[in-house]
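The same chain A turns up in both complexes below, where it pairs with chain B and then with chain C.
Our next item is the complex of A and B:
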């Protein structure tokens, strides 16, 4: 997992989805609603939060993550400013 | 795990089991290569010095990936992989259990089909006969409750009396669930104790009321734990020791925001327990614990340090080894067979086992001591042959990674326990997996070690006797065939779980099934007791039959490998055929269903004059049915003294007026199987 960085690249987030969550995604999916991704299940979001927290040792703001609807939004939330600029 | 204080991911080489599983998935080969998964997970768990929490986290990661594979794909390619349908329901969001559960069952070679109940609907789903979950024929139903099931119901403000009332209501609900489950007749229902959290307790500022709440809570959990004692299809997992060993119940954020009452660490520990509950009920419990010696049962290397230099008993250095030996002795007292596998000089090992003042375990505690410079897979194979068991019934506990890797590679069906360089952790490691978990212990279990030692004496007689026929005559076998006493029902159920080689249908029967059959007027249950000059073998077999208009149907016939190939199996069926003929029945029908283990029993019925008459209607694939017309009856082998007693319900079944005592000196026909070994 390449999320040791507190400022992961979008490609790292896509890798996390594919390798760790087992949800196959490409760059074309970054704005797709999560529920429309093949193989997506809400449990994946909980798992993603846990993996990132374990890997970075930092506590994420859960309500924002649980409300995130796209990979782009998740990527923004994982950035150093916690997604303040990532609203879309 | 739930606590995000881990500075980084566990060290993972490019070829770690998790990485390899990821690669298999990325290449789309997980379904095709499914048989590679259990050994891969065994390697992951055999982790030496890695922290248990990291191993469990990796295991869950594997489980998450495994759960993305379509079970239909796996079954299409590997139709023999057993599928476990697991219903997951309870008070909160429990979908996170799927990953660790899938991984734990995969460790045991089982494929998981999880069925997650609707949030908040557990009571409806588990009690209403027409509910969605009722249609699922679950092998195991996991109903996970947390303290919220009680506290969510309380008024505000609340006191201990409100908790007592809410606990009573929940107890009634759980009773309704167990009753509905018993009526459904599907698989095992797994409940759990409810952890009480500081968040609850500290809402009371009054010490006395806090203690009262604590007491009320324990009484509720105690009632829950006692539920299973008279309900064989219910298991209750005690979460308290798991929490004590593994840390927090939950991550408060996950509880509040995602309604997940249990953290992934606790779910992983729980999933492991469930894995062993399922194993035990599928007759997969291990029978024999094989122990290494140097740095396992004692500290140091006997060959280098000598008997005086090894650490066991007495001083500080020997303390952890003594602790392990005491635990091992405790397991042995409950029917776990012990053996030694040590790369050492045999005489030096025997000297320590006989003479060393610090040893708790002695030579007599082991059914077999393999101490030689042969590789350990040879040791384990020798133990298996001597005991008449397979590698899948064995567990090796060893501190040397290379020895464990050898066993994993050469005998993948055997389990390994990874002991480390820190002997103080030996006990924890040995007990981390419930390899010997059994639904219920019987008196027979406690006497098993002595019985297997008698087996050794029989082997010796056989070597002296020359011919096998002479050996059988010298054995002085007495077979008693009679309806079981009520206290023997549990033993028959257990025997059906443990017996694989001579189990004609591979069927597992529960204690309830035996009890029901014993009470039914048209059913016949016979227990097989065998004694010989070396001792009482105990209740070693059972026959369940059913009377119909076309004759007597032998539904289940099983015999422990302990007494196989001595003519007992032929004698039992010969006696039943005779009784059926005396009773004027038109025929006796029997079934054989091939399983991975019972191939040697395929020709059993034909060898006794049964005729094959094709496949059973709607039965599982491969089942053969047989019919004996009772015209030409096989003789009871001459070296047996066989006593058939038909009790009251059985008498109604076969209408045998008086007890038929069949003692015959006739020649041993139909004993063609006696030359085959277990």
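Our next item is the complex of A and C:
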């Protein structure tokens, strides 16, 4: 599994999609709505939440995470000031 | 484990297969009259649009045309059009309306509804080659489908999908039954979340369902009953061209009974008619 630091790069988040979820994305896809990514579905969304929580040790604030409909916005949430509820 | 679909439920009949051309919608209308709900499924390969006939496609997609046109990925765009086409044809059949007169609206979580036609609630799910639509005149409906071969248990998703009670129930099962049971729980939770318009806004580990083979109810994390008897659930095993899918549906009965006349041109609310009649009698 890709390890996300407490302040991941956009490339790390892309790697999470490609390497861990098996959803083929490139930098051109960072502003695409998740529903418009080939291979994306709700099981992938749940796996993404699980992987991010495991890698960061933080419990995500789901409403903010679910509203982040693109890879770029998810990346913004994963930074130190992003949408987490705190340490687990 | 009882096979999915064996636990009959008077609020939900068997899913009806429909094709893009020459579909017989009579059974869908009969299910709506009899059960108050209907499940319709089609194949992506069959409902995929003819993108060369832009005029016909625009007529079917209506206000969804702009979103369709903006989708860059070819397969996703075709899937979007195919799923909306089946959804609109099913709704048009229920309403006895022309498909070009049916417009979809979307809530904050993307939940679709029929613009201006609240006598029918709708839900949509699609995965692989399966397109699935739920229709109800009882209140709310949510549907979800997954490939029966999809592995959720081995990927460690049980702890994120299940309540503590559900995890205990799963662990009591033989190995080979755990993934099918987890798929059943996943599709039930997805269907329920879609019906209430929440998506994953509240975590799937915070509400649960009992084991298969008993009347299905929403439970609290400790397994005690959550919501009441106004909710109905059913899970099916669906064979589509030799590929098996697990399909679940959730129906909320608002307590108004079945709306026997769902046609767009004649449907009148019975209470409204009574009020108008009483008012006319008073004036006479």
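Here is the rule we go by: the second predicted complex is superposed on the first by the 78 of 88 C-alpha atoms of A that agree within 3 Å, B and C clash if a C-alpha of one lies under 4 Å from a C-alpha of the other, contacts with A are read in each partner's own complex, and residues count from 1 in each chain.
Just so we're on the same page, a contact is a pair of C-beta atoms (placed from the backbone, for glycine too) under 8 Å apart; a residue touches a chain by one contact, two chains touch by 3 or more.
Computed from a predicted model, the values in this text were never measured in an experiment.
Superposition of the two structures on chain A shows chain C clashing with chain B.
Contact with neither chain B nor chain C is seen for A:11 once the two complexes are overlaid on the shared chain.
Of the two partner chains, chain B and chain C are each touched by A:50.
With both structures placed on the common chain, the touch criterion links A:20 to chain B but leaves chain C unconnected. The partner of chain A that touches more of its residues, comparing chain B with chain C, is B.
Of the two partner chains placed by the overlay, chain B and chain C both lie in contact with A:66. Of the two partner chains placed around the shared chain by superposition, chain B is the only one that A:58 touches, whereas chain C remains out of contact. Of the two partner chains, chain B and chain C are each touched by A:41.
Once both structures are placed on chain A, chain A residues 41-43, 46-47, 50, 62-63, 66 are touched by chain B and, in the other complex, by chain C. Those residues of chain B that touch chain A in the shared complex are 1-2, 4-9, 22, 25-26, 57, 61, 64-65, 67-68, 95-96, 98-99, 253-254, 257-258, 260, 264.
Those residues of chain C whose C-beta lies close enough to touch chain A in the complex are 71-73, 75-76, 109-110, 127, 146, 150, 152, 155-157, 160-161, 186, 190, 199-204. Within the complex formed with chain B, the residues of chain A that make contact are 1, 4, 18-23, 39, 41-43, 46-47, 50, 53-55, 57-59, 62-63, 66. Taken in their complex, chain A has these residues touching chain C: 32, 35-38, 41-43, 45-47, 49-50, 62-63, 66.
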